[in-house]
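The structure follows.
Chain nomenclature is as follows: A, B, C and D, assigned in order of appearance, with residue numbering initiated at 1 for each chain independently.
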Amino acid sequence: MIVVLKPNVAAEKRDQLVEWLKTMGLGVHISEGVYQTVLGLIGDISKVDADLIGSLEIVDSVKRVSETFKCCNRKFHPEDTVVSVGDVKIGGGNFCLIAGPCSVETEEQIVSVAKSVKEAGAKMLRGGAFKPRTSPYDFQGLKATGIEFLKIARQETGLPIVTEIMSVSDLPLFEDIDVLQVGARNMQNFDLLRELGQMGKPVLLKRGLANTLKELLMSAEYIMASGNENVILCERGIRTYSDYLRNTLDLSAVPMLHELSHLPVIVDPSHATGLARMVPPMALAATACGCDGLIIEVHNDPVHALCDGAQSLRPEEFAALVKKVSAVREAVSC
Amino acid sequence: MIVVLKPNVAAEKRDQLVEWLKTMGLGVHISEGVYQTVLGLIGDISKVDADLIGSLEIVDSVKRVSETFKCCNRKFHPEDTVVSVGDVKIGGGNFCLIAGPCSVETEEQIVSVAKSVKEAGAKMLRGGAFKPRTSPYDFQGLKATGIEFLKIARQETGLPIVTEIMSVSDLPLFEDIDVLQVGARNMQNFDLLRELGQMGKPVLLKRGLANTLKELLMSAEYIMASGNENVILCERGIRTYSDYLRNTLDLSAVPMLHELSHLPVIVDPSHATGLARMVPPMALAATACGCDGLIIEVHNDPVHALCDGAQSLRPEEFAALVKKVSAVREAVSC
Amino acid sequence: MIVVLKPNVAAEKRDQLVEWLKTMGLGVHISEGVYQTVLGLIGDISKVDADLIGSLEIVDSVKRVSETFKCCNRKFHPEDTVVSVGDVKIGGGNFCLIAGPCSVETEEQIVSVAKSVKEAGAKMLRGGAFKPRTSPYDFQGLKATGIEFLKIARQETGLPIVTEIMSVSDLPLFEDIDVLQVGARNMQNFDLLRELGQMGKPVLLKRGLANTLKELLMSAEYIMASGNENVILCERGIRTYSDYLRNTLDLSAVPMLHELSHLPVIVDPSHATGLARMVPPMALAATACGCDGLIIEVHNDPVHALCDGAQSLRPEEFAALVKKVSAVREAVSC
Amino acid sequence: MIVVLKPNVAAEKRDQLVEWLKTMGLGVHISEGVYQTVLGLIGDISKVDADLIGSLEIVDSVKRVSETFKCCNRKFHPEDTVVSVGDVKIGGGNFCLIAGPCSVETEEQIVSVAKSVKEAGAKMLRGGAFKPRTSPYDFQGLKATGIEFLKIARQETGLPIVTEIMSVSDLPLFEDIDVLQVGARNMQNFDLLRELGQMGKPVLLKRGLANTLKELLMSAEYIMASGNENVILCERGIRTYSDYLRNTLDLSAVPMLHELSHLPVIVDPSHATGLARMVPPMALAATACGCDGLIIEVHNDPVHALCDGAQSLRPEEFAALVKKVSAVREAVSC
C-alpha cells in the first residue's frame, strides 16, 4: 500500500503517522520526493483500512498495490478453471450454450422448449421458477412447482438445469438443481453467497446492474473463500443512460475478466438488450470476444405466436443462431 | 395503457392485436392519427406485460398512464405519513436526527457515542452490528454481540436504535430493535422486504446504488403491500463517474419523492460523500430542500484521534452541525 | 403527440388546454379512459414544445409518437447509405478498415505507418494533427504541419486520409482532406456540424462520451439537414463506472443504429478500451455484430519499442487482426 | 508520479525501464516491497504520459501525486477569487443572483423580466440569444437581435448581462456583453476556451453533462492559462439514470470545488431539474452548501399564463425564493 502525504507536512505529524502504522505490524519505507513524501507499507495490509488512512488530514491519497481478491485471481492460479456439470464443461476452451424460457410456465412448455433447444445444440436448460420482480404485483414465478417441472424436463432431455435462487431459506428446494444462478439484484447478497460457498454445486453469478468488475470478482471471492470453486461469471448488461435498449451490454468485461481471473465468463444477451432481434448480433459479438458460453432466452408458444416475450427467441431462431456462433468460434480461433 | 402502432400497419394485423387485447378483458379505444394509430387500453391492466406488447412487430411503443405503485403513492394518500418510534416521530413536519458510529465496536464506544449524540440533539442512535462488506476478508461486524451493545446504549440513553438487517435468517436477533434498516445492496432483496412487511416495525429503506426513484418506491411497495406502512425512505448517494467523492448525493430525490409519495424521506450524507468534511454542507443542503431527517455517522475516539473514520464526525462537530440544521429548518419554513 | 392528463382534471381546465392546442393549428382527439383522459394531437407538431406542455399543472405526461430525426431515419430511407471516399466505400455491405497513429509525429513516422497498415489491408489512413486534450499543458498536435505530413503519406500510399477537425476556423486547412472527423467532445458543437453540412466531404461523426443514440442521430441530422448526406457514425465507448477500462464500448449501439438509420456505423475499439491488448477482441466483437468498419490505432516505432502508446497496436499485431476480422465477417454472413 | 511494477518482474526489464525514465530527465527512487517494486519519479513529470507508462507489460499501475491543474488550484492560491462585473461581485463571500428567461423572445419580454428580477433582488440578467439545441429543427435563438434586446434591457435596468456564446466566429457580437457563458456542451470546446482566455471578460463556465470535476477544472485552466482569471464555475446537473428529473444536480460538487479551487462556484437549478416546482428546493439546498450564486430561469408572460416554460419561475415565485435564499445564507453563516 502506498500512502502519499500532502505537500509540506510537518515532520512531527509525519513521524506520528509512521509510528502508528508500525504499531499495526507494518514495515514503512519513506520516500521523499521534491514536493511530496510517499510511504510504502509492507507486510499484512489486508486489515488496513485504506479509506480511513486516506481521510487523515496529512494524507493526500492512498493506493493499494496488491490485489484484494485472491481465490479468483489469475495471478495466483494461471490456468483457466473448468467448471463441470455432469458431462458438460464450461471454461478452458469448453464453450457452453444455455437456453430456455424466462419463466417456467407449464410442464408442457418447459419440456417442449427443452427438447427444441437440445436439438439446436444447447447443453443446459435455463428457466426461472423464482422470479425477482421490481413490483410486488407482478408474477413471482411458479416456485416449487416450477422446480419440479424443470426436473421433469431434465429427465426427458438429459439437459442439466440452471435456475435462480433468491433466498437462503429456499435452499432445500434446490438440492437437486445442477447450477444455482445468483441474479444481478443479489450479486451483493453476501449471506446468500456465503451459503452457496458451502455447497459444492456450481454457481452462475450474474454481474449487478451497476457493479464494477472488481465488485463482481469480490462476490465470487465470497463463494470461493467459503470453499466452492465452481463459479461461472456472467455479464448481463449494466445500467447507463441508454435510450433504445434496456441496458448496455459491457462486452469488454469478457476479455478483462479473463485477464483478471481464471473463472469462466458467459454472457446473457437477452436481458442486456431486452429485444429478441438484438440477441443474435450481441450473442455473436460476445462469442467473438472470447466468452465461454451464452445464456439465451428461448420460448416456444405456437398458440400465442403473436406474443413472444419481448426478448425471447423462437426455437428456430435459436437454432440458426447456434450455427453462426459455431462459425464465429472457428473464425476467431484460427 | 397506450399502445402506439407503427406507421402503415395492415388493418388485418391491427385488428388481430385488438382482438387479442380484448380477450384479456380490456377495453380498447382506437384513435387514428394522420401517421399512426394509437390504442388506449382501459380496464385492469395490472396483469398486462408492457414489454411483451412493445416487442410485437407492429407496435412502436407502449406507455403506462397509471401508476404501478399504490400503497406509497401520494395520489391515493395525500397526507404525509408520520412514522412513530416510541415517542419519536418522523415525517409530516417532524424532523429526526439519527446519529452514531458506522460499526458498533465495544460497549464503551457505543454508550459513549450514544450519550454524546443525545446531548447534541439526536433522537435515535444508529450503529452497525451486521456490516455488508464488498470483500469477504473485511470486518463483518460484531453481529449478535453488537446488537446487545446497542441495547445497552439504548438503556443508558433512552434513544431508540436503528441497525441494519442483512438476512431473513437473522430476524430473531432483531426482535427488540426499534427500526430495521435495509441497506443499499439489499434494496431489491425482495424476500427480505416481504418478510419485513409482515412485522409491524418501522423500516428504514435505503436507495440502492444505481436504482431509480420508481424502483425505490416499488421496494417500499413490497413492504407496504405485505402490511407494514411504517417505511422511511433514505437517499444515500448514487453511483456515477464522480472523481473526488465516493458517490453522488442526489438531493433532488428529496422533493421528488415527497411529490410522488407520502412517506418520510431522510438523507445520509456520510455514506454519500465518504468524507467527514463534506458531511456538514451536504447535511445542510438536504435540510434546505425539505428532508424529514438525517442519518449521520459520529465517532468518539480520543485515543485514536489520529484515525477517525473517513466519514465520521466527532461529537463536537456533530453538535455544531445540529445547531445549523435547526437554523436552516427555520429559514426555509418562514 | 400524446398528452396524458392527470386524474380528475376539471372539465373546464381540460377544455381550456384543448382550445389552446387548437389555436396552434393542431387537431385534438380526446380519449376518455376510466381513470385518465388522453389527448392525441394531430398535425404539424414539430413546433410544439413537449416539455412545456408536460409542465402544465393538469398534464401527467407527454409522448411524441413521430420521430424527430428525418434525414438519417431508416423509415424514410430504407436502403443503406454507401459513403464513397475516392474508390473506397463504406456501408451497404462495404467494410472499411481505417488505421494509423493517434498523433502524427513526423513525416517518417506517418509514412511508415501508412505503408504498414496499407499492406495489412487498411483502406484509409487516420492520424491526428489537431488533438483535443483535457489539459492545456498537454501536446496539442502538429496542426498544419501534421496535415502536410498526412498528405505526403497519402501520396506515398494512395490511402485516403481521415483526420479530426476541432474548429470552424481551421476549415481552410482541411480543404484537401478526404474525411473530416468530428471527435466525441465536439459531437454537439452545432456550429461546426452545420458548417460541415455545407461541404460535400464525408464526415466521420463520433458519439459523445455520454450521449444517447438519439442525440448522435440528431447531430448527424444537423449535418444532413445542411445538405451533406455523407455521414459515417462511430461508436467509441461511453462513460460509466468502469474500473479497469477507460470507457465502456457500447456494441449494442451497432445493430440499434442500423435499425434506426441508414447511415454506416463504424467502431473505434482503441479509444474505448485504452489498452492495446483489448483492441483485438473488441474489434472482432464489433465485426461480429455487424459494423461497417473499424478505426484502429497503429503505431510503428522500433526505437521506442519499450513504449508503444497504451492503446496502439504494432503493425504486425494489426495485420494478424485484419485476418481474423475477415474470418469473422465471413462467419456471420454465411 | 508513482509507478507500481507487476510482481516478479525480471531485474533486467526493470532496469531497462528505470534507464528509460532517467533519459527523460527524471529522478527515480526504487522501493522494493515484499511482493512488488514501486518506482517514485521525481522532477518535471508534466510531459510524462502516464497512460503510456501504464500500458507497459511490466507495469501494474501508475499514479500521479501532483496536481495537473495549476492556475485554478487552491493549493497555489489559497484566497477565494472574487470576480467583478461592474459593481457586482461574485465569490469570497459575495453572493450573486442571476435571473432571466431561457430565451430572449422580444424586446418587451426581456425588458419586463429584467425589471421584475431586478426588483426581486437579482444582480445580473441572463437570457439566451444563441441557443444550443439537440435538434436542427428547433428554435435556435434570435442571435444578433437577441443580443441587442439584452443590451436594451441592461440600459433600462442597469443589470449586467450574461449570455451564452457558442462559437469563436460569433465573438465580435459579444464585445459589449458583460459575462460570456460557455454551455455544458461546449465545456470541452478547447478552441473556444482558449479564445475566451485572451479576452479580459468574465466567463461563466458550465460543467458538461458527464464531465468530472477534474475535467471542469482543466477547462477553467484552458481559460486561465491563456491569461483570463475571471472564471465562474457552474454546476448544472449531470446525466445519470434519473427517471423523474431531467438531470441529477450534483450539489456535493459545490463544497468539493471550493476545496480544490479558489474560483467562485454557482448553481443552475433550472436546467438541472427541468421542472419549475423543483427549482426553489434545489436553489435553497445549493445555498445551504455554500454556493456563491444561483442562475435561475424566470419568465413573465401574462398572456400565455397557461404555458410557462417547464422550468421557469414566474417573477413572484422568484421574489419569494430570493427571500428564503437570504434566510438560508444567514442560517448557515451563523
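Everything that follows uses one rule, which is that contacts are C-beta pairs under 8 Å (C-beta built on N, C-alpha and C of every residue); 3 or more make two chains touch, one makes a residue touch a chain.
All figures in this text were calculated on a predicted structure; none of them were measured in a lab.
Trainee: Trace the shortest sequence of touching chains from subunit A to subunit C and report its length in steps.
Mentor: Minimum step count, subunit A to subunit C: 1.
Trainee: Going by the contact rule set out at the top, which chains touch both subunit C and subunit D?
Mentor: Output, common partners of subunit C and subunit D: A, B.
Trainee: Return the chain pair with more inter-chain C-beta contacts, choosing between B-D and A-D.
Mentor: Result: the pair with more contacts is B-D.
Trainee: Compared with subunit D, which chain's mean CA position is the farthest off?
Mentor: Relative to subunit D, the chain with the farthest C-alpha centre is A.
Trainee: Once you find the CA centre of subunit A and the CA centre of subunit D, what distance in Å lies between them?
Mentor: Inter-chain centre distance comes to 38 Å.
Trainee: Would you mind pulling out the distance in Å between where the CA atoms of subunit A average out and where those of subunit B do?
Mentor: 26
Trainee: Could you give the separation in Å between the centres of subunit B and subunit D, each centre being the mean of its C-alpha atoms?
Mentor: 31
Trainee: Touching two or more other chains, which residues of subunit C qualify?
Mentor: Expected reply: 210, 239-241.
Trainee: In their complex, what parts of subunit B are in touch with subunit D?
Mentor: 210, 212-214, 238, 240-245, 248-252, 254-256, 259-260, 272-273, 277-278, 281-282, 284-290, 324, 327-328, 330-332, 334
Trainee: For subunit D, which residues are in contact with subunit A within the complex?
Mentor: 2, 4, 7, 29, 31, 33-36, 38, 40, 42-43, 60-61, 63, 65-66, 75, 239-241
Trainee: Where on subunit D is subunit C touching in the complex?
Mentor: For subunit D paired with subunit C, touching residues are 16-17, 20, 46, 49, 51-56, 68-69, 132-137, 166-169, 185-186, 188-192, 194, 209-210, 215, 218, 221-222, 225-226, 239, 274-276, 306-311.
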